[in-house]
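Several structures are given next for inspection.
Same chain, two partners: chain A is paired with chain B first, then with chain C.
Right after this comes the complex of A and B.
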């Protein structure tokens, strides 16, 4: 509005210019006021969401960041014991916790394995999900049944399926080894050998993750127009060429989102690791979150500041990942 | 718009965080209960951690017996799984709401809770009754900083549970040393096809008797030094690795408890290391349908001695309890000679009062007969607040040795480093 007034006044020569009352300079304050007066309805509508988010996301996040900058442990935080109130005595220590964490060889070991675990899980889950989705995206007898059956792992609560896998993997009484031994093959120490345990936990996480990938990618596949395939076929494109040049590009919007989500979930997949191996054997399968848990809930006095530090570091790592992921996609012309 | 929302959310969350850090105090007063005209009244909530299915019914019935002696008191029995109880109690005790009045506190938890101010000192209260009657070892874990914070409930240690039939078939005696165990294992394997010993590979508590057997310990509280990386500890790591490598012992790095119980109950192994708390469960197994088939012996000695860790449980009273008088009285009742004798009769757990061992029913109990001398010579664990935390680093390294991820030397050194981090003033 203000931009328009200037020139329109200037374009009116000859007319008697009556200097009207000067418009007040457009300050920030008036902008806010105007935004409120114009959009008050919208603000009222989003207020509940903002408040709920602030309480369930913002408060724990803010508290976690604050604790990571202190030396808070169980022994110096505020406590209420019956009528006795013990005030908090922990102190602000700046970035000391972060310096300690990055200097700790344990942190680097866990970080390396967490990255290996995430990359392995996400890539296998994505490939399998894509393969299954492609298979189910055509007319096959009993398609509905297959789709149902493949979604089952998703429909069972995660911890229930992890427990079932625990039984299957049991070296001495598990079903898997019973079958192997019955077939004359030596029993495999599924969760008792460090290397095999790593493969075992990845397998379970893939099993849990495939249905989501498959359903999401199947949706993506069905949104690719069929005439593209027809046209390609007319031009003599082979099945691989059609997959490579129609299916994959057509799936990109879905793929980018599910890969990002899957990465974040896998990076922090506490239940699979904790319930299957508790991070063991030894500490072979310990990822960053399970290690942070170990530090908070096993040691005494429980160290709230260190585990908060690890939590914030995990958040930062994922933020950095999401940021670069987005940038790479943007560079490739993806509207995201 | 989007940015606006984000900004609002940020401001809101910062404001909330700021107020939350200021702290909110809620005074809880006007607690009901206590003494009314000399008679106890109100509710006493007790968190028990005993095994569900075998032990909990007995303790619940006994706890409710308190209501008969004090009709106005209601006992609220809550069974909390042992594995969760420590954190659950800490959370409840520090927030000031939801904590029980009385908790069955494991011996290592007691100094931990006491150091954080969660427990009421019991000196001079009704809870400490006939103090001289308690076994000295059992009472040791209740002291912290010169005060008493618990009343011993049960005391325990570990021994070898063995399948008499299997050992007889193989024609071997219960091994008294690790060397004998290795020899016997070969015979047991060739005659019966079974493994000799199940060794829990996922819990460091099962490593302690080997550590003591080589003359080692985790830490020395007298001169404040870490001893887990000394030579005896390295020898102990070597000894357990040797047992597993020679196939004298079978082990697991995960699910050790379930696998161990299944193995001994189904007669798949001849022996397992365990304590009185597992007797009821073990006897329920197929291999022990004839109870006479079940035998208990001391843990095999290492190169230096035979030693097993002392464990057990105490009754402790929450410092913030609204009904302290009734809680003290409840603890007194639960740890009385009469109740202890009943616990032993029904569950074969070892009493903590010297006088109870004289009761005919207790004295005749085979499990008690066996474990009493074991407990008397059991090695006391370090009763420091960090005592319970010493297990996690040791367990990681113990499993690493058994699965070949670390040498005994590396494991000992790594555990020692963790201990020095945990215990700030130890050398």
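Right after this comes the complex of A and C.
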């Protein structure tokens, strides 16, 4: 998708054919100048983004990786107490933090739950989004109204919708339990029982994510030519066969993109967990990101190095995932 | 597909509308419930009635007795600035990677993808230190720059999809008429990509309007906070007082919904172009 695999990328200036050993310095200089004169407008157009990303993402990332290789905590970083300035005393420890993380049962537990959470959220969101998009792609009275209403969760700022769910889930005063109790059923501890809390946070994240899926897949469905379905119907293909052999393949380009994106987003979905349960009850719903955040901002003493290590591991996991995802697609003949 | 449909059997019709109606209720209800609650007197906030002594007391209290309007203004400034700059940067970047093959393009596309994978847990502390040394803490500018790094990579991807869908012949004709690449981009291509601009604008706005973690870490002091941070102080102040909270939620949702309504007819086409070609 984002990356062109074709050979169309222009030759880098350094690789310009070197005519002879005579005047290499001048050749390189003219190569640079030629590249500049050909590409200066493209470079100018991307320059602001590159500069901002380099400073705002590049620097903190470099610093994060460095911290992950040290034993920095609140107790040994550079700090100022009153008028006394205390220099940093933390030390370089190599890959020790990474070794520790993978031997740490807490880390492994969080990792497993993060993966369960991501897989559950993405697969349910995708299925529901596809089902609703399929329904909306038919001729149905009030289509505009349905489409508008179904996208509501996307239009509302995340922390507001999470608040409204908190309000509904509230064990004593929430509407859900009032209805249950009114119907003679015991109140459900939506956010206070480890297992139910897990299901509850997944439900909220699915609720938040379906509109994006639905809109993207609806766009994909509308780009599939209608005569394909006509032809299939003539040949006596059943509704399921048409779905299986026309709709799903036709949706592939959109599907691969939205699944990759929503996997990445869900894996790092901080606000839903943080605002809904703060990782609780206990630490049942804590995913890797919220736990890393907790280590830097909540725990005492703040553990900068372990937090940074977890952050780098998250990044590496997602990179590996994206790499293999793309690999598999390429093997199946997808030009991405 | 639609034109091949024979008329549906009544049963199928009921099933279709029934499913869509249930989905609609699930999608709309949490927000609607907050709206209804905000109109009840605070002490009746947790009743199950849809209406109960309808009043605007929660709103007048919120606007009169708290810093809500200040936070609201701060959020508007941050979100509007992010949207304008974000759309512009996403458009130039998207256009460059769509039209030109230049050294550094492939790494750039990878960087844009990888930026989305960043857990903010590793960025937030170094970024805090960086901003404090640059004097950008408690400044809207700092927050705008941070949000740009979240919104622009994804928006640039989407814009690339839009530009890919615009025939290159239009660029060439502009070139023939003596426009330089910037002129072509600004005068010919950008107006054609208006749906894309609408979608990226929506995305940038929502990102800036609804972000919590950076906002509460970087902006301190009642007068500097944006809504996300302000509402957090609220939670402590009004423990279990749902009335003012629901009123605040409604007022926060309004601008987002307005922006959404403005761009929603472009969303489907926009997302398709972005997702399939991106």
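Following the convention adopted for this analysis, the second predicted complex is superposed on the first by the 290 of 336 C-alpha atoms of A that agree within 3 Å, B and C clash if a C-alpha of one lies under 4 Å from a C-alpha of the other, contacts with A are read in each partner's own complex, and residues count from 1 in each chain.
As a convention for this text, a residue touches a chain if its C-beta (ideal position, glycine included) is under 8 Å from a C-beta of that chain, and two chains touch if they have at least 3 such contacts.
Everything numeric in this text was worked out from a predicted model, so none of it was measured.
By the document's definition of touching, of the two partners only chain C reaches A:151; chain B does not. Of the two partners chain B and chain C, more residues of chain A are touched by C. By the document's definition of touching, both partners, chain B and chain C, reach A:173. When the two complexes are overlaid on their common chain A, residue A:51 makes contact with chain B while staying clear of chain C. When the two structures are aligned on the shared chain, A:300 is found in touch with chain B, with no touch to chain C. In the superposition on chain A, contact is made by A:63 with both chain B and chain C.
By the touch criterion defined above, A:96 lies against neither chain B nor chain C after alignment on the C-alpha atoms of chain A.
Shared contact residues of chain A, touching chain B in one structure and chain C in the other: 35, 39, 42, 46, 50, 53, 55, 57, 59, 61, 63, 170, 173, 297.
For chain A in complex with chain B, the touching residues are 35, 39, 42, 46, 50-51, 53-55, 57-59, 61-63, 66, 74-75, 77-88, 166, 170-173, 191-194, 197, 276-278, 280-284, 294, 297-302. Across the complex, chain A is touched by residues 1, 4-5, 8-10, 12-14, 16-17, 20-21, 23, 25-29, 87, 90, 93-97, 112, 115-118, 201-202, 250, 252-255, 259, 262-263, 268, 318-322, 385-386, 388-389, 392, 396-397, 399-400, 402-403, 405-406, 422 of chain B. Considering their complex, residues 1-5, 16-17, 19-20, 23-24, 26-28, 30-31, 33-34, 37, 45-46, 48, 89, 92-93, 95-97, 99-106, 108-127, 129-130, 145-146, 148-149, 152-154, 156-157, 160, 180-182, 185, 206, 209-210, 212-213, 217, 228, 231, 240, 242, 245-246, 249, 252-253, 256-257, 260, 264, 267-273, 275-276, 278 of chain C touch chain A. Interface residues of chain A, counted against chain C in their complex, comprise 1-4, 8-13, 35, 38-39, 41-43, 45-46, 48-50, 52-53, 55-57, 59-61, 63-64, 67, 132, 135-142, 146-161, 163-165, 167-168, 170, 173-175, 178-179, 182, 207, 210-211, 215-216, 218-224, 226, 229-230, 233, 253-254, 257-258, 261, 264-265, 268, 270-271, 274-275, 288-289, 292-293, 296-297, 304, 307-308, 310-312, 314-315, 318-319, 322.
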